[in-house]
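Labels run A, B, C, D, E and F following the written order; every chain starts at residue 1.
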Amino acid sequence: MVDVGDKSITRRTARAEVRVRMASATAEALRAATLPKGDALVTAQLAGIMAAKQTANLIPLAHPLPLSSVEVTFGWEEEAVLRIESRAITDGKTGVEMEALVAASVAALTIYDMSKALEKGIEITELRLIEKTGGKSGDWRRPA
Amino acid sequence: MVDVGDKSITRRTARAEVRVRMASATAEALRAATLPKGDALVTAQLAGIMAAKQTANLIPLAHPLPLSSVEVTFGWEEEAVLRIESRAITDGKTGVEMEALVAASVAALTIYDMSKALEKGIEITELRLIEKTGGKSGDWRRPA
Amino acid sequence: MVDVGDKSITRRTARAEVRVRMASATAEALRAATLPKGDALVTAQLAGIMAAKQTANLIPLAHPLPLSSVEVTFGWEEEAVLRIESRAITDGKTGVEMEALVAASVAALTIYDMSKALEKGIEITELRLIEKTGGKSGDWRRPA
Amino acid sequence: MVDVGDKSITRRTARAEVRVRMASATAEALRAATLPKGDALVTAQLAGIMAAKQTANLIPLAHPLPLSSVEVTFGWEEEAVLRIESRAITDGKTGVEMEALVAASVAALTIYDMSKALEKGIEITELRLIEKTGGKSGDWRRPA
Amino acid sequence: MVDVGDKSITRRTARAEVRVRMASATAEALRAATLPKGDALVTAQLAGIMAAKQTANLIPLAHPLPLSSVEVTFGWEEEAVLRIESRAITDGKTGVEMEALVAASVAALTIYDMSKALEKGIEITELRLIEKTGGKSGDWRRPA
Amino acid sequence: MVDVGDKSITRRTARAEVRVRMASATAEALRAATLPKGDALVTAQLAGIMAAKQTANLIPLAHPLPLSSVEVTFGWEEEAVLRIESRAITDGKTGVEMEALVAASVAALTIYDMSKALEKGIEITELRLIEKTGGKSGDWRRPA
């Protein structure tokens, strides 16, 4: 774990996204919140937020971070493609890219878990950083 | 968390895969193990295995499982596309799909973490179950 | 941690309850799901279930248990008294009283957390075991 | 998890209390430290302190906090009513109400676990915040 | 994590020991339980037991195990040499050597933590397995 | 957990060491990385780093710390004595002695786990603090 002691404490944000591709019937069930295990979107949102707080325990060389905020939101892009977006903020010494990616990732995995009785072929895809701000390396935005 | 008490203890396996798409220079650095943070593949392998053991803490309604085995392996599919495959085995009452998916997912996230000083645009994609065996619902294989 | 090796693996259940006493305005906000932090009841339900899986890490001498099921449900007893009931099931060697009590307890604490911007005086009270079944010591029911 | 980045780092304290109501024989055994599992009060004290450090992992939307201090103390209020008081201190951006409540709560649950071979009907009751200081919302004291 | 699915469920035990060498004044303070942080031996005992339950999260390739029992005991060997012995039991598919070693190790580290205000030079030494029983590889005892 | 609120945030470092004594054949296998479980040194290094981040969860009265850096390195002292050195850095309010000791300790335990199929008699010995810097109590170095 590289030394970040000399870095300054500044506001750093990161946004990530991921897509969950499923069959139409699964998407219907998700939207109607009629899955056997309950409301998948609310569950996935909380799972993503809680997982972000575990980032330093999951990613071996990640630094523990004082998270100021984590958000996970959902939107249907196509009839059966759920887009998950996460945003993490810290006022700390290292970036929060990993926290945002972990939140999006575990939210998507939870959607899979809640839906797998209906469909095992669900695909989690295009997990990527959208944007980061703050820190010495400066801001970064995914090219369009 | 639905009751699995009536399910029988049988051998259950699951295999999952995921792809990490990156720039050529990042792939070169990964293969040469010259990344600033050390050998990313070994680190990602251990991170995936350890995360599989945390599945019930990450996925809200997942049952705790006595894992008999977890494996994470790597292969270069194209010059700059790393394919990660995971396999989880239990002798328990519920399937290990989530354990395999979590292992693949956290292994991929660790590759991202180890490489992000070089490239922020890395994409983690096509995370999916390949196969599951055992249990009352029987075997399942992803259609070709 | 006393030796439970000689105990037999049988189905064991436990039910616990707890009450959360609050001001009328807080109860209104909870029912309308208009609290600033979101839907408190769904969040509390998931928090209780996830905490039950952490019982052996929270209670020093508790044995790790293969939980078969955890449920957390809510009901308004009076206009401003929320009753939380939890039920835990294992097919294991020790009872699940602690798992049920932890689930009810953390669900109630989460209600507090979600409501504390409105009211700091909320009281969590009458946390108790209602019933246990299974195991050598036999069934137990709280006297009326 | 709401953004606390703009909040200032100040000293914040919180005190909570809870009561454990039991049969006279259980109270006797607790005072004499003759319970089969060992000295329940020392165990409960450590369990409460360690649980306070897990608050952000137990309460879904709680922020991780740099705890400066946690204390758990005991006193017999009546012959068979044990009162547990906890105090948490942080020099951080959010209050420590939840840390104090979690400490008191898990200390009480541990008393239950240590005593349950003697008595299953023990009741954990009147868990509440007594006082908080620091932060923008100012000090608060439970009305007498 | 190698596959243990074919192994049979049998009773397996392991005992480990470790020594903590300190200055006479530190040993005095430990025996008198007058250390600033409280009774170090009770704290170390609980820390060792709780750490044993975390073995699979600490040791990357260790299998999760259903622990039936963990014990940690203390004895003064010389005037300023504390000997800690741990015993772990499982009815499972893999040995509990690591659980016993982790318990002894974390108990010793806790002694260090409780005493370090008095003496930084304390040495933790001769951590070793004493005995294991059960499993296909049979019993093993440390040669005298 | 004693109150550290009045302490100032300064750079604090700690270095610890431990020795793993084994049979020649085990040492050979470790050096050749031909152990059945894989490359033990890399695994032990990561295990030590990850365990350092868990220090406050393992050691009951340890304060949670924002770790700036953790390092674990290896060297063969004699033909069959592996020396592990760890270094931890924080920019915080309390020392990182425990983090360094935990890192060294868990790295050594992981070496044991990776080698135990070959040799059960491996001894982990002479775990001690080498040096600490920073903080009000000033610097400390182990006398030669």
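Going forward, a residue touches a chain if its C-beta (ideal position, glycine included) is under 8 Å from a C-beta of that chain, and two chains touch if they have at least 3 such contacts.
These numbers were taken from a predicted model, which means no experiment stands behind them.
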So which pair out of A-D, B-F or A-B basically repeats C-D, with more than half the contacts the same? A-B
Counting C-beta pairs in contact, does A-B beat C-E or the other way around? A-B
Based only on mean CA positions, could you tell me how far chain B sits from chain C in angstrom? 32
With chain centres taken as the means of their Cα atoms, state the distance from chain A to chain C in Å. 28
Touching two or more other chains - residues of chain F: 2, 43, 46, 50, 54, 57, 60-61, 66
Chain E contacts chain C in the complex at 11, 46, 49-50, 53-54, 66-71, 89, 91
Please give the residue numbers of chain B that touch chain C in the complex, ascending. 1-5, 56-57, 60-61, 63-64, 66, 92-93
Which residues of chain A touch chain B in the complex? 2, 36-38, 43, 46-47, 50-51, 54, 57-62, 97-98, 101-102, 105-106, 108-110, 112-114, 116, 120-129, 132, 140, 142-143
Quick one: which bits of chain F touch chain B in the complex? Just the residue numbers, please. 39, 42-43, 46, 50
